[in-house]
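Below are structures written as structure tokens.
In the two assemblies presented below, subunit A is common to both, partnered first by subunit B and then by subunit C.
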Partner chain A sequence: MINFEKVSKFILSDISINIPKGEIVGLIGASGSGKTTFVRLACGLLTPDLGRVRVLGKNPVNYRQKYFSDVSTFIVGKNLLDKETSVIQNFEMLRIMYGINKSEFYKRYNEISEMLDFKGYEYEKVISLSFGQKMRVEVAAALILEPMLLLLDEPTVGMDQNAKECLTKILKEKASEGMTILITSHDMQSISNICTRLAIIDKGTLIYYGSKERLRRKYLPKNKMTITFEGEMPNIDDLPINRYTIDNDKITYEYNDNYISSSEVVEVILDQTEIRDINIEKSELESIVMQIIGGQNEFYRSE
Partner chain B sequence: MRITPYVAYAKKNFLGRSAYRVDHFLGILSTCLQFFIFYEIYRALYGDAETIDGITMSMVTTNFIISMGLGMVFRPNDFFLPGKIWDGSISTELLRPISFKGRMIAENVGDSAFNLIFKFIPVFLIAFFTTGIHSPAGIFNVALFIISAVLGYGVLWSISFAVQMTAFWLINIWSIVTIKNVFINVLSGSMIPLWFMPEWIGGVLKYTPFSSIYFTPVQIYLGQLGTAEIVYKCFIQIVWIVMIYLIGDFLWNKGQKKLIVQGG
Partner chain C sequence: MNDTLHLMTVYSKTTARAWFQYRVDAVLRSLAVFARESTGIIVIYFTLLKFNSLNGWNIYELLFLYSLIFLTYGIMIIFFTGLRDFGNMVREGSFDRFVLRPRGILFQIIFVNSDWFAAIGHGGLGITLFLISAGKVGVHWNIYNALYYLFAVIGGVLIQGAVFLFIATLNIYLIETGSIKELLYWNVRKFAGYPISIFNKGVQFLMIYIMPYAFVNYFPAQFLLRKEDMSQYPEIYLYLTPIVGVGMYLLAYAFWLYSLKYYKSSGN
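Presenting the complex of A and B:
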């Protein structure tokens, strides 16, 4: 669906990536790392200095307006809607512009406007909306076209928790229907909920691309399990546990997912004592990403 | 090419203009004031004279009302593209499934239709009944006047289009737009009728597009041109439209290229 071959542009350097159909890919990186440049290359608003970009098998710069109904792009800060007209008028203009059947379009509109909760101000001019309200409406404008490929640059900026959750739900639905989605965000939590794959960019270099699970397993496989037990303290000398701490009837183990699974730990303990409560904490995606970006040089050595 | 989106943009602008009623009435008032000030100045200059250089006061008045009226109708938005460059929305415009230039024309046509119906006609009627403006030379002249006026609009739009394209490099084109407007106001004959210009200026103006904007339609309306001259002048208007449009289009393609190479 999206194919970059050794692409260099501005800060982006030697990027090679292939995003297959039906995936939701989260593009993560700090400000200025090249996320928006990536999106602009993918939608044909920029041409690479080096390398080759193909979207739906074609050069997006040449086919930008020809495959308009296949690709929909939202770039934060770039107005998608006319600010001087009302929300509903803007959507009607979109409908006419993209030649979408009226009943089909308004069926989609009613669904999205209710989910993203902007029906209450659909007759307001876009200019009079708050930033968060405008974001909901603009993201909806990109979604309503139901393209094969949806490019969203920082769509959750300014959105409240409720709107983020609704957006997550909509995007998951669209992906299950076969839509391919590329989403950039600073908001790791939203991205980790939505995406099936992650691409991490640091200072213009792609330092990771793959599933969330692989990322967690490979780069920070530490789990923390806290068990409240009743009876004798279990003996875990034979288990590959990194370290443990005891607090009265609670014992906390830290172990590596690559060497022992949580169920194996529980099994050994259950053989020796009675368990009243178990709590397993997995590493937060955000801390993994921060660790990777922070210690990039180390990361390369481990590769 | 689907025409529906362009009709929708024209309609949107037409209806959008009608929302600002106070601005609309003040626009009519200011145009009437402007017209009557110039009318009184020329009446004072004419004094008791019937004609000056063979030009009657009613011809001057007719020139004024038609060129001012057309100037009011033909008002391209010189800041359409610069506005999109300033707020960054030019990027999203380039992703739209419609022609950006087509949209520019459609929005201008919507504005012009509004100005024609609600500004030009009221001002024309007020001037017609309060001053002695000429009636058209004949029904044939009215038809040719309309054609020539539309071509004049084409010339004016092409100039605005080419000037706007410089915003890709200059970003702020306010000064260039001002200079362009001064040239159009003075050299198109809307402020000072071209009959009164010195001969050498008239000679130079033949080689510029400005007289094609308002003065050619006025001459056709007044019946000052024969059929062959009308055809020739309309042909000149078409030549100007094509030439200036091609310059604008060249800049448009270069500007787009600049955007996709340098970003924007």
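Presenting the complex of A and C:
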């Protein structure tokens, strides 16, 4: 769906990536790492200095008009709607421009406007909306076109928790229907909820691309398991466990996924004592990414 | 095709609604443009009070010459406001919006905005000058002359539209072209209020071959007025306005299409 071959542009250097159909890919990186440049290359707003960009099998710069019926883009900070026109009028113009059937379009519009909660100001001019309201409307305008490929650059900026959750729900629905989605965000919580794959860019270089699970295993395989037991305290001296702490009938183990799995730990303990409760804490994706990128403070600054 | 017409209608209605939302303000601003542009005419009027004629052109003939500039600009600006403001669009990054839509970029720019105040101010002045002068310049208005006038106006609109399109396209490479527009368009336009025959050869060359304002008003006016100074120029020039308009527009459009590949989106 999106194919970059040794692409260099501005800070981006030698990026090669292939995003297959139906995936929701989260593109993350510190401020100024090249996330927005990546999106602009993918949507044909920029031409690479080196390498080749192919989207839906074509060079997006050369096939802009045909290509954009199948691709929908939202870039934070870019006004993709006419600010002097009302929200509903803007959507009507989109409908005509994309040649979408009226009843089908307004069915989608009613659903999205209710979910993202902007029906109350649909007759307001875009210019009179607050930043958060405008974000909802602009993101909705990208979603409503139901493209094959959806490119979202920082779509959750300025959205409240409720709107973020609704957006997550909508994106998951769209992905289950086969839409391919590339989303950049500094909001790790949203990204980890939505995406099936992650791409991490650091100073213009792609340092990781793959599933969230692989990322966990590869970079921070430390898990924490708390077991409430009944009876004798289990002996786990022979297990490759980093450390453990005891609090009455509770024992907490920290162990490495690469050396021992959760089920193996449980099996050994079950042989020795009765287990009343088990709680496993996986390492936070956010802390993994921050550890990889190494710039915790910068990471929270939007590009 | 129906979709395109529908879209044009929606765009035009939306734009007109936005411009005329505050009616009193709209009237006053249109009048302000009308008054501002009239100052040039007033200067000519007082000049002619002293000399009676300018290289054989009397006050009404000069008003007729002037009317073509204002009328063609008034019509042109309805369609080409987006190109007039293109530099700002590129610098602010709002041009991306048009690039990201599945319709012709130029089509969107043309129909998404119209400076109606400029259109009414300039166009209104053009029509007023035409009404004042047309009956007093000795033109026998028949169907042929009327048709000629119509095609000359269309040609004049296209010539100025092509200049706007060409200068707008330069923004893709240069980002800022305000001074080029000032130099090539607005300064040369000041000469066009007078018969080009009063200027030296260099200015005449500029106005015929470089920034061909002479085809917007001088040669069309000469076709109808047949003043003596026309003998300096080939007679074929009297008929070339629509051809020059279409030719220039096609060239500017080709330059536009070629240059779009080099458009570089600005930062957030």
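The criterion applied here is as follows: the second predicted complex is superposed on the first by the 294 of 303 C-alpha atoms of A that agree within 3 Å, B and C clash if a C-alpha of one lies under 4 Å from a C-alpha of the other, contacts with A are read in each partner's own complex, and residues count from 1 in each chain.
In this text, contacts are C-beta pairs under 8 Å (C-beta built on N, C-alpha and C of every residue); 3 or more make two chains touch, one makes a residue touch a chain.
Here the structure is a predicted model, which is why all the values come from computation and not from measurement.
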Both complexes share subunit A, so when I overlay them there, do subunit B and subunit C fit or clash?
clash
So, A:R40: does it touch subunit B (first), subunit C (second), both, or neither?
both
After the superposition on A, what does A:L270 contact: first (subunit B), second (subunit C), both or neither?
neither
Touch test for A:Q89: subunit B only (first), subunit C only (second), both, or neither?
both
Kindly classify A:V76 by the partners it touches after superposition: subunit B alone (first), subunit C alone (second), both, or neither?
second
A:N62 contacts which: subunit B (first), subunit C (second), both, neither?
second
Which partner chains sit in contact with A:L50 here, subunit B, subunit C, both or neither? Use first/second/both/neither.
neither
In the overlay, answer first, second, both or neither for which of subunit B and subunit C A:M233 touches.
neither
Please indicate which partner A:Y98 is in contact with in the superposed arrangement: first for subunit B, second for subunit C, both, or neither.
both
Would you mind listing the overlap between the subunit B footprint and the subunit C footprint on subunit A?
40, 43-47, 61, 64-65, 68-69, 73, 75, 77-80, 84-85, 89, 92-93, 96-99
Can you list the residues on subunit A that touch subunit C in the complex?
36, 40, 43-47, 61-62, 64-69, 73, 75-82, 84-85, 89, 92-93, 96-99, 303
Using the touch definition from the top, list the residues of subunit B that touch subunit A in their complex.
2, 4-5, 8-9, 12, 16, 87-89, 91-92, 94-98, 259-261, 263
Hey, which residues of subunit C end up touching subunit A in the complex?
3, 6-7, 10-11, 14, 18, 93-94, 96-97, 99-105, 112, 261-265, 268
In the complex, subunit A touches subunit B at residues 10, 37, 40, 43-47, 61, 64-65, 68-69, 73, 75, 77-80, 84-85, 89, 92-93, 96-99
